[in-house]
Amino acid sequence: MIYITRKTEFCASHRLFNPDFSHEKNEAVFGLCNNPNGHGHNYTLEVTVRGQVDPQTGMVLDLKVLKQLINREVIEKVDHKNLNVDVGFLLGLIPTAENIALKIWEILEPKIEYGQLHEVKLFESDKNFVVYRGEALERVN
Amino acid sequence: MIYITRKTEFCASHRLFNPDFSHEKNEAVFGLCNNPNGHGHNYTLEVTVRGQVDPQTGMVLDLKVLKQLINREVIEKVDHKNLNVDVGFLLGLIPTAENIALKIWEILEPKIEYGQLHEVKLFESDKNFVVYRGEALERVN
Amino acid sequence: MIYITRKTEFCASHRLFNPDFSHEKNEAVFGLCNNPNGHGHNYTLEVTVRGQVDPQTGMVLDLKVLKQLINREVIEKVDHKNLNVDVGFLLGLIPTAENIALKIWEILEPKIEYGQLHEVKLFESDKNFVVYRGEALERVN
Amino acid sequence: MIYITRKTEFCASHRLFNPDFSHEKNEAVFGLCNNPNGHGHNYTLEVTVRGQVDPQTGMVLDLKVLKQLINREVIEKVDHKNLNVDVGFLLGLIPTAENIALKIWEILEPKIEYGQLHEVKLFESDKNFVVYRGEALERVN
Amino acid sequence: MIYITRKTEFCASHRLFNPDFSHEKNEAVFGLCNNPNGHGHNYTLEVTVRGQVDPQTGMVLDLKVLKQLINREVIEKVDHKNLNVDVGFLLGLIPTAENIALKIWEILEPKIEYGQLHEVKLFESDKNFVVYRGEALERVN
Amino acid sequence: MIYITRKTEFCASHRLFNPDFSHEKNEAVFGLCNNPNGHGHNYTLEVTVRGQVDPQTGMVLDLKVLKQLINREVIEKVDHKNLNVDVGFLLGLIPTAENIALKIWEILEPKIEYGQLHEVKLFESDKNFVVYRGEALERVN
């Protein structure tokens, strides 16, 4: 069992707020992130797959295929977008790093053909990042 | 003469487009950056001041003072903001890295009390950055 | 279950030696780190909390609160300090990265209000770092 | 139980291909990495050992000893080498990051005198890296 | 006048030696870099162009165009290659970072359509890098 | 003319204060850096030499020689030291980044055998760094 990671980047804007909260509560909970006109980040996404090494290739999987999958299913949908309104899989969710990571897991997990998805790690900045490993996903829906 | 640099970060959203251009021309010139709902970045700002070392302190200037100046005049105005609509000193400008750097120079240059502003370096991402050293500023107005 | 990490930095000096060892043994065990006048580092601290995502906020916890907790309980006590003599929670301990990480865990673990402390990661330099996850803490006292 | 990591770097060249594959299959599987004259990387190696903190030293192990072990057993054998032909422990293997990490584990694991080897992490680039923790090693031989 | 930089990466192998030197002299001059089977690096290339900001676009040039130029003229020719034998513009030269940077300058300088090439910066590793700004190019032929 | 840079690291402790200042003035000028028991940093030093490329070697100079010079003349004297009391070339100076950079220039400049010293860049942290290029050195004595 070996773990292989592919790192990618995208940039996007978002605003954190809950439409069911009052303005005061949104300010208290989300602070600067509640700016009505939004703000943005360069996100870094690390996707880790675990599996056996194929002795014919010395590889767990073809990184080109993993890279194409991540680009097609995630990066093309979020890069240079507004995460509140432009991204189908985030509609109706508050686009926190936590929710984005959970949704990326949901999207990629059934599509990994060799090995199994092990971890989605999403950096909102150099200082803040989240990790999701597929535990207890039902809670967030 | 010695050069001292202070690095800071901020995150913001923006959209690149010229209201005088047709939709097609905006697409051709700005591409993904013309997404109507915007996108965003973690910007890194490096401000360099040059000056003589004061033999009493061994320092060109008090970095705390420079840090406070950068925070008050720049970071508080752009961090967690939309650069198209929330930032007074960028109104009416296309918020490219070039224009942001030029405006930061204009703001900081007269306010450096010890030494002289030497360079404003602005990273829009790890891969793209601009440098302005005060040459030919009149052209951009 | 999701894991959220906050990264912070501090700078401090220390000297590694055991007063119960002879000078020769301290030299053999601690080498350059035994310099009597000390040396120092820019430390990087990553604190990871795990928990459920609150569907009302899309967040595990309020990062501002975590940041304030880390600053108040750890950073303000160690930043720009001498770890051998200035820091109450390290008195009587050899201030290795291992011992500092263990003590930071002890301090933060009971104070995390949402979720649970998962990991304390302390970089003494880019090349050396330690991780503690709360296993077998009693051994080090 | 605490985890301590030492990071090292080396640079090497390699070519990925399986002599049992046709030219076409090698192209399809390995793509650019199958260039007959090879290519190369700056590799980053992180070796993590887990163990108890010795209350006499405040350390899990002597990092100087770990550093010497990694240098003697790994770095001196791979740094500034061609991984296909110059490195005894890789002969007969396709020098993928996966296989290199597995072999480094095999070499270091019995030689760690204090604590136990926990993880070998090998970055082929900033974007691609693998992790091996000693699970199911028999499969790769 | 503003300076805009695009950063790109490539990986390649090389061997440093002068066929006119004896084996002993090659060893003395190039050391580990003279390994007959070569070694390799992840190179980072930063290309800086200087120019006026176009008030219609807020940009010095179209970064997409610069990126395509760098990819077509440089990256596609050196990435995943052996710099001693696979790269036309390096044939007959010792592929040191110095010579590679000089040749990249020669290739790109006449092809920059907006602004002027200001600097080619080439990192052979995180620890070693060279900068060329077009001064005294005739010496190296 | 090409510029070649070698990057090195060292860790050290220091205290910033002027013995001619009152306690209050030292607090006002140096703030946290005036902690009587000191603090410390991981410093990063970049030394840049400029020169012609030797067509026989493709190099400006032998980086091994430059590395040995920097290690012997600078790193061995400051690494794991207290910059206030352990380092001969800093005695009597306030060990600010500015003064350290100036002294490193003074030490290295006459000892560069091929090419000329162009720049000494010293990072006290990721956020603060100074550059010295040999201009107006007499002022700091």
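Chains here go by letter, A, B, C, D, E and F, matching the order in which they are written, and residues are numbered from 1 within each.
Here is the rule we use: a contact is a pair of C-beta atoms (placed from the backbone, for glycine too) under 8 Å apart; a residue touches a chain by one contact, two chains touch by 3 or more.
Since the structure is predicted, the reported quantities are computational estimates derived from the model, not experimental observations.
Chemist: In contact with chain C and with chain F at once: which chains are those? Just list them.
Modeler: Common neighbours, chain C/chain F: none found.
Chemist: Which chain has its C-alpha centroid at the greatest distance from the C-alpha centroid of chain B?
Modeler: Of all chains, D has its centre farthest from that of chain B.
Chemist: If you match contact pairs by residue number, which of E-F, A-B or A-D shares over half of them with C-F?
Modeler: Most of the contact pairs in C-F are shared with A-B.
Chemist: Between chain A and chain F, two copies of one chain sequence, what rotation angle (nearest 5 degrees) aligns their Cα atoms?
Modeler: About 180 degrees of rotation relates the two copies.
Chemist: Compare the two sides of the chain E and chain F interface and say whether they are made mostly of the same residue numbers, over half shared, or of different ones.
Modeler: different
Chemist: What's the chain with its C-alpha centre farthest out from chain F?
Modeler: Farthest chain from chain F, going by C-alpha centroids: A.
Chemist: In whole angstrom, how far does the Cα centroid of chain D sit from the Cα centroid of chain E?
Modeler: Spacing between the chain centres: roughly 29 Å.
Chemist: When the C-alpha atoms of chain B and chain D are each averaged to a single point, how far apart are the two points in Å?
Modeler: 42
Chemist: Touching at least two other chains at once: which residues of chain C meet that condition?
Modeler: 126
Chemist: I'd like to see which chains touch which, written out pair by pair.
Modeler: The list of touching pairs comes to A-B, A-C, A-D, B-E, B-F, C-D, C-F, D-E, E-F.
Chemist: Sort out for me which residues of chain C touch chain D in the complex.
Modeler: Residue positions touching the partner: 16, 18, 20-21, 29-31, 93-99, 101-102, 126-133, 135-136, 139-140.
Chemist: Show which residues of chain D lie in contact with chain E when the two form their complex.
Modeler: These residues of chain D touch chain E: 9, 11-14, 32-33, 35, 37-42, 79-82, 84-86, 125-126.
Chemist: Which part of chain A faces chain D closely enough to touch in the complex?
Modeler: Counting only chain A, the residues touching chain D are 1-8, 48, 52-53, 55-60, 62-64.
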